[in-house]
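Structures are listed in the sections that come next.
In what follows, subunit A forms one complex with subunit B and a second complex with subunit C.
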Partner chain A sequence: MNKIDARNILRGDFYKERSAYIAAGEPGIFHCHHYNCYLQAVLLDTKDYLPNIEQVLVDSAQEVAYSQFQAFFQNTPDLDIQGRKHTVTDYFRFAGFGQIDLDRVDNKGGTVTTNSEHYGVSWKLKFGKSNQPISFFTTGFLAGATEAIYGLALGTLNAVQESCLAMGDKYSQFTLSISNSDRELTASPQEGVFQTGNLPQPTNTSIDYEAIREALIHMPIEGAANGLIDSFGVLLTRHYANYYCNISYRFLNLFMKSMGTEGLNIATSLLIEGGRVCAFNTFGGVMQSNEWNALIKPMIKTREDWIHGIIVVVNALGWGIWQVEDLDPGKRILVKIQSGYESNAYLKKFGPSSLPISFLAAGGVAGLMNLVYALNLPERAPITLDEAVYKKISLGNDYFVPTQIKCRAMGAEFDLIEAALVRNG
Partner chain B sequence: MVENEFYTWVQIRNCRRFYKRYYTTNFKADQSLLGLLEIFGLLEVQAFSKYAPCALDAFSIKLESEIDISGALGSEEIQVTILKTAPHILQAFENTLIQWVKMQQQNALS
Partner chain C sequence: MTIIHIKQFLEKNGAPLAWLRVQLRLLPHFNKRGFFLHSMNEEAELDDELLELIGQVLEEIYHLKLA
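Moving on, here comes the complex of A and B:
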């Protein structure tokens, strides 16, 4: 086995001019288990109409893992098979996906067993026991990474999950074999059509954008020995931007093909709702975290500073360059996004769009306003953020809804999201 | 909120297996508190003040997945994430916190 040195370890770098993490060509972004599980649950809920949706989840993971590790191994030609396997298992742990070993895998397939895997653990935490295996991401990841390790073509291997932690099994087990299907897998769009820009420093807030982002990007956030990142009250992942984009946009296309325009409206609403759920849990968890109290709270003077505080955090998540363009307290916000990961990927993979496609961003902006103004978290923290509270906000008198006013994928220079107050009832 | 002569605490649900409690005392956390809490696990400090002068240095003390004690030097708040099945560890933490608060009260008097 190769001596383990820094060249064999895949980590990637943070590119300040894009607010993006790139590891061997793949953009990495932070997302928590609530979003990962919710988005997957939304997609799986449609399987009566979209019978291929589970395969979309697996294939999308296979494509990104293959693309990333193939690129990395091309630049580390001295690595032998054992060294390559170490790179993959180490990155899987680092990213918070879990703990695996690839000792029983070769170029024809094999088995992988784990008792600590992000989706299996998270799904059970969030939804309780599942009646089917749910670790679709890991299934595809293992196939794609193994193909890259052995220099096989993308799509050579097929993986299936045999048992699952989310079902109450002691282990999750995956079986890899030579594929005999004619799946059409395509390489990841990697860095996509990205932009560069500067981190803003608004003059109407005491929040120090640059200082906070510097502190956050230097935090040692990575999987523990069990491969999970337990941080900010959630299980975090350093996930693949292109995985989310692949599954979201393929889901959208399948839904449109199946149900036409009506399907489009339903699908976009579901994807935006995913962003709102993400904001509620992730941003809410961050605002009640020790890191928030230590780093950001000492700078806060107004309720609007809570908005700015989270916008800076977003600038350290790898989601692109976010900027508060306008904020009418309690009524409306406009957020400008450059190099947003959704537009980056969409433009490279599909070209121009006829509709706005920054669903996570739209839901996220509205979710942020709901936390700060509809829930009034700044004055109520600490509180339990559960489904009952989420429902109460959603059905309350004051509720923020998003509109994507500009979209890069439609030809605009940047994404522009508005979230405005509506009154229910 | 629960209150006694040494601290107040508020509890929220974190996930199915954990509670999270926010303790507040009348004293700002310092090195002497860290010295006492280190018996609970590995101490990690995030030197946020290096990046922003007004930021506080955060600390975290973890014992595997059973307890996570975090706070900031200069802050009166301490957050504790505790496994629901480990009330004895939480009791030990509270005893330690009371010990430290008593020391601070005595220091304030002398």
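Moving on, here comes the complex of A and C:
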């Protein structure tokens, strides 16, 4: 086995000029288990009439893992098979996906067993026991990474999940074998059609954008020995931007092919809802964390500074360059996004879009406003952010709803998201 | 039981956008019965089979019993 040194460890770098993490060509973004599970649950809602949706979840993971590790191994030619396996298992842990070993895998397939895996643990935590295996991401990841380890072509291997932590099994087990199917897998769009720009420093806030982002991007957020990242009250992942984009946009394509535009509003509304769920849990957790209290809270003078504080955090999540374009306190916000990961990927993979596609961003902006104004978190923290609180603010009198006003995938120069107050009832 | 009844029940007891998830899950079943989103009559009575399917979805996703 090769000596483990820095050259064999895959971590990637943060590119300030686009607020993006790139690891061997793959953009990495932070997302929590609430978003990961909710998004997957919405897609699986259609499995009775979109029978390929589960395969989309697997294939999309296989494509990004294959593309990333193939690129990395091309640049580390001295690594032998054991060294490559170590790179993959180490990155899986680092990213918060869980703890795996690949000792029983070779170029014809094999078996992987784990008792700590993000989706299996998270799903059970969020929804209770599942009646089917749900670790589609890990299933595809294992196939794609193993193909890269052995220099096989993308699509050579097929993986299936035999048992699942989310079902109450003691282990999640995955079996890899030579694929007999004619699945058409395509390499990841990698960095996509990205933009560059500067992190703006608004003059109407005491939040020091650059100083905070600098501190955040150097925080050692990575999986513990069990491969999970338990931070800010959620299970975080350093996930693949292209995975979310592939599953979301392929889902929409399948949906429109099957149902036409009937139900399209429902599908997009639920993708946006995923962003709101994400904001509620992750932003809400961050706003009550020790890190927030130590780093950001001392700079806060107004309630609007809470908005700016989270916008800086977003600029350290790998989601692109976010800036508050306009803020009418308690009523409306406009957020401008350059190099947003959704548009980056969409433009490279699919070309121009006929509808706005920044679903996560739209939901995230509205979710942020709901936290600060509808929930009034600044004056109520610490507060336990559970389903009951989420339901209460969602059904309360004041609620923020997003609209994507400009979309780069539709030809605009940047994404522009508005979240405005609506009054229920 | 009507659609409006179920929507009101979910607003009181369900998670946000619960009705949308029910619709997404059962879209072909709605369409088969002539319920299309652009022209959905919320006062229309739902047949027993569709009600049972809705009940199963609510039980599975939200652990709710339709009342």
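Simple rule for what comes next: the second predicted complex is superposed on the first by the 425 of 425 C-alpha atoms of A that agree within 3 Å, B and C clash if a C-alpha of one lies under 4 Å from a C-alpha of the other, contacts with A are read in each partner's own complex, and residues count from 1 in each chain.
In this text, contacts are C-beta pairs under 8 Å (C-beta built on N, C-alpha and C of every residue); 3 or more make two chains touch, one makes a residue touch a chain.
Note that the coordinates shown come from a computational prediction; the quantities given were computed from them, not determined experimentally.
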{"item": "Subunit B versus subunit C as contact partner of A:A412, first or second or both or neither", "value": "neither"}
{"item": "First, second, both or neither for A:A294, with subunit B first and subunit C second", "value": "first"}
{"item": "Contacts of A:I212 with subunit B and subunit C, given as first, second, both or neither", "value": "first"}
{"item": "Which superposed partner A:D386 touches (first subunit B, second subunit C, both, neither)", "value": "first"}
{"item": "Touched partner set for A:I81, first subunit B, second subunit C, both or neither", "value": "neither"}
{"item": "Touching partner for A:V193 - first (subunit B), second (subunit C), both, neither", "value": "neither"}
{"item": "Subunit B versus subunit C as contact partner of A:I221, first or second or both or neither", "value": "neither"}
{"item": "Partner chain in contact with A:G233 - subunit B first, subunit C second, else both or neither", "value": "first"}
{"item": "Common interface residues of subunit A - those touching subunit B in one complex and subunit C in the other", "value": "none"}
{"item": "Residues on subunit C engaged by subunit A in the complex (per definition of touch)", "value": "11, 15-17, 20-21, 23-25, 27-28, 31, 36-38, 61, 63"}
{"item": "Subunit C-touching residues of subunit A, taken from the complex the two chains share", "value": "41-42, 45-46, 48-49, 128, 259, 262-263, 265-267, 269-270, 273, 387, 390-391, 394-395"}
{"item": "Footprint of subunit B on subunit A - complex, ascending", "value": "125-126, 208, 211-212, 214-215, 218-219, 230, 233, 288-291, 293-296, 298-299, 382-386"}
{"item": "Residues of subunit B touching subunit A in the complex", "value": "10, 12-17, 20, 22, 46, 48, 50-52, 54-58, 60, 65, 68, 70-72, 75, 77, 79, 81"}
